[in-house]
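The next part holds the structures, each set out as structure tokens.
Shared chain: chain A. Partners: chain B in the first complex, chain C in the second.
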Partner chain A sequence: MDMSVLIALPVIIPLIIGALSLVALNNHGVQRILGVLGTAAVLVAAIVLIWQTWLNGIKVLEVGSWPAPFGIVLVSDLLGAIMVLLAAITGFATAVYSLKTVRKRFERFGYYPLLHLLLAGVNGAFLTGDIFNLYVWFEVLLVASFALLIQGGERAQMEGAIKYVTLNLLSSALFLTAIGLLYGLVGSLNMADIAVRLQQVEDPKMVTLVAMLFLIAFSIKAAAFPLFFWLPASYHTPQVAVSAVFAGLLTKVGVYALYRVFTLMFTGEVDFTHQILLWMAVFTMLTGVLGAASQYEVRRILSFHIISQIGYMMLGLALFTPLALIGGVFYIMHHIIVKANLFFVAGMMYRLGGSFELKQLGGLYKKHPGLALLFMIPAFSLAGVPPLSGFFAKFILIKAGVEAQAWWAVAIALFVGLFTLFSMIKIWNEAFWKKAPEPAIEVPAPYRNTALYWTTGLLAAMTVAIGIFAQPIYVLAETAAQQLLEPQRYIEAVLGGAK
Partner chain B sequence: MTTLMAILIGCLYAAAIYMMLRRSMVKLLIGLILLSNAANLLIFTVAGLERGVPPLIAKGAETVVGGSADPLAQALILTAIVIGFGVLAFAVVLLHRAYEVIRTDDMNEMKGTD
Partner chain C sequence: MSRQFNMRSLILSTGTTIILPLLLLFSLFLLLRGHNEPGGGFIGGLVAAAAIALKLFADDYPSAKALLRVHPLQLVGIGLALAALSSLPSLLVGDNFFTAQWWTLPLPIFGDLKLSTPLIFDIGVFLGVIGTVLTVIFTLVEAEH
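Now for the complex of A and B:
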């Protein structure tokens, strides 16, 4: 079998599993088994894919055997393969977590098919080498996320969903506009081909204009300053499993798209474009963390921290040195696992403590010490406490900032780290440490949490492992960053017919 | 002709943004519709406005001779129209349902989650 077919598997498997679970819509047992097995199959495919990409370099699949640049290509470079692996981990964790948390009512209304469709869209976006195809995958994952967001139909969900839908559709329209202008400029949609042809465009201002349109479109999706307002208005409204998969993956698709276009295509006027990225990164970090400081609902605190963390990832791209890109890729790897896990833990806090409001929670440490440990690991990793994964991610980025002499960015990054710790300690003090408030709120009858503990425990173990085995992860990120900094390799893999 | 189209597209974008900035949900929806149409027309125009030259290869020839309309741009628009239609259909249902739940179409009253 031609190994390049492998690249399509992370997209095809969720689509097939999604279609099968749609057939079994009324059979909850079958849907759940399909959910776990399907996401596990994607995980295996993702591991094989990253292994093959690591050994053999960038892999390309010409869909339908139409040669590039005329047909659509799927490309698995190391960044794409890493993202697919992270999406697969998140997807698998979500499927296991959903076993015990998703209500039957939602399962009947297509929770599992939508989840698989979402994962297919995310993987498609990470693997495609065609800019219009990227738009299509964005829409696929958006439509699935719209439907997941409003399952339940409560007032808060409706209000959040209107903002989420409107701003994401605006972003898609800007993305489409940018694609249109780019096509008019270079007459191609294949990203590698575009990168080649952009070097021959006589009017660099026009290229920068298109680049800025892409920047705005992807920044809305990534929830970067000043375009993030849809995120804290909507991410805390759906059920926790959905919040977790959104928090882990969706904004990171925007970040990935920024990394892709601003390393492959728009590198002509780095002084200008990446300077703007730098300022956006700094303000994204700052506003996110300050927003979190004013919140007293666990999921809303965590939502604001997504924004501040996006700032760090953009910082890696903005500095645009080898070390900074390594830091950025490392940060993405660390962040997706930690963030999804924190939302999972928040869901368990709700089930065991009865509320998401810090004022109503309390005494969880005494009653559930295991949960307290499971909260501490991702929370302190998010804040960057050694030896957890977040410490190394922040350390690499800040070292890169010092080397690039971006003093302001470094100062803000350190300050934001401190404030993240403040937010996490706030949750710790209120929910776990202080005595349970009187009168105690009613907690539903006890139930078996094994699946939930397994999910969060596994993700927490990964966080610890990324910290302990930081060196091999660093080498992986380094190789991915090298590929990003030498777009020639990507271009040759796609256009040179190398498979 | 291209200039005329450019002005039209600019007006459509402006109208769309203006409508989206209004408080009414229905106007928001009209804004979204105008926006997707504006983007489609933009692609149509930047690919070059050609009349009466279909991209057909003449009998016996290997490639298209002379200028021709760009079929790829039209394929893109077709895809974008279908996607836009689906997404807007969802938006209509969402706004209708939101109106039933919240009992208002004033966006200013939907601040519960901010």
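Now for the complex of A and C:
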């Protein structure tokens, strides 16, 4: 059997599992088991995939044996494989976490099938080598996320969902327009083929225009400045497991798409396009962290921090030096794990403390020292405290910024790091350190669940591990960045190397 | 809509008993025809869903539901599973993932019957469309009650 099928597994497994859990609509036990087993299977597939990609270079699968550039190809380069692995880790953690936190009501409304559909969409987006297919996967994950977002039907959810849906549909429309223009320009949808043909286009202005359309479309999805406000309006409204998987993965699909098109396809006018990216990155970092400073609801603070972190990732792409791209990839790896983890912890804070509001929380350190530790690790990692993963991610980026002499960006990045620490200490002080406010909130039955502790603990351990084994992770990011900087390899793998 | 439930039309009801099987047959015809000519699982599924919706209008909600036997969402699940699973036989013969596989089944009277994974995929689409449309319609009916 051809090993190239490996590339399809992260997409097809969630689809099949999702369909099966839809068949078992009324049997929640079966759905839960399928959820854990299915996401575990994807995790195994993702590990094998990244291992194979590491050993043998970029892998390509021509779906249905239709040859590139005519058929759809799935491509696994290191960036794609890394993203799939991160998605698989988040998916598995979410499935385990959901066992104890997702209410029966939501299970009845198809929580698990939607979760699998979402993961299939995310993995599809990371692996496809076809720009229109990328659009399709975006839609798949958006449809699933719309439904997950409004499960429960509360007022705040609807309000958040309207902003989320409107802006994401706008983004999809722009994305589609951009694809149409690009197709008119080069007559191809295969990304590698587009990259080749773009070099022969005689109208660089038109190319830049299309690039800008892609930039706007993807930056809306990534919640970058200025069109980010759908994110803080919606991410805190659904149940925590959903928030966590959104926070970990969805905006990163937008970031991934930016990385893909602005390293593979639109590298002709770097001075212009990446300069805009740089400014967007700076403002994204700044607005996110300032927005968080004025919030007192745990999930909202975390949501604003997603935005500021997106800025760092864009910074890596914008500087467009080898070191900056390494930093960007490293940052994505660190961020997905940490962010999902923080939302999981927020969910446990709610379970144990009875609220998401900092004013109502308190005394958690005394009552639940284990939880306090589990909060501290990802929180300090997010803020960039050594020796945790966030420190190395920020360090690489800032070093790259210094090398590129982007002083403003460096200054802002450092300032934002400081403010992130301030935000995390705010949560720590209010929720964990200060005395529980009187009268105490009624917490429904003393709650202790090993599954939740295990999930968050495992993710926290990964954060620490990324810090401790920063060198091998750096090498991985370096190799991924090299592949990004030499799009020729990707193009050859898709167009030349395929049988 | 509720008015129609109260005032059942005898003509519509009688007509439906005759038309319903024809519509379902026609939907299958469309499904199979879609192999080489206009038609296919999507349009076939729409016709089949329309047939069951007709039953709903002519008689009542329980009888339409009984006709389907399973929850429409489960039908979506079965359809999606079939469509997804149709990608796998290609692996058994060592082709690329999702490569269409064709088998010929010689039948005594009808001649050769051509079967394929696209057909399985199309049946999946067929069931998926029926399930989706009926989920929408049934939800609306339930909201009405």
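One rule holds for everything that comes next: the second predicted complex is superposed on the first by the 494 of 499 C-alpha atoms of A that agree within 3 Å, B and C clash if a C-alpha of one lies under 4 Å from a C-alpha of the other, contacts with A are read in each partner's own complex, and residues count from 1 in each chain.
One rule holds for everything that comes next: contacts are C-beta pairs under 8 Å (C-beta built on N, C-alpha and C of every residue); 3 or more make two chains touch, one makes a residue touch a chain.
For clarity, every value in this text was computed on a predicted model and none was experimentally measured.
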Quick one: is A:165 in contact with chain B, with chain C, with both, or with neither? Answer first, second, both or neither. first
Of chain B and chain C, which one touches more residues of chain A? B
What is the contact status of A:132 with respect to chain B (first) and chain C (second): first, second, both, or neither? first
Have a look at where A:4 lands relative to chain B and chain C in the superposition and call it first, second, both or neither. second
Check the residue A:496 against both partner chains and state whether it touches chain B (first), chain C (second), both, or neither. neither
According to the stated criteria, A:19 is in contact with first (chain B), second (chain C), both, or neither; which is it? second
In the complex, chain B residues that touch chain A: 20, 25, 28, 32, 35-36, 38-40, 42-43, 46-47, 72-73, 76, 79-80, 83, 86-87, 90-91, 94-95, 97-98, 101-102, 107, 110-114
Note which residues of chain C are touching chain A in the complex, please. 71, 73-74, 76-81, 83-85, 87-88, 90-91, 94-100
Which residues, counting only chain A, touch chain B once they are in their complex? 132, 135-136, 139, 142-143, 146-147, 150, 153-156, 158-163, 165-166, 169-170, 172-173, 176-177, 179-181, 183-184, 189, 229, 232-234, 236-237
Tell me, which parts of chain A touch chain C in their complex? 1-2, 4-5, 7-8, 12, 15-16, 18-26, 61-65, 110, 113
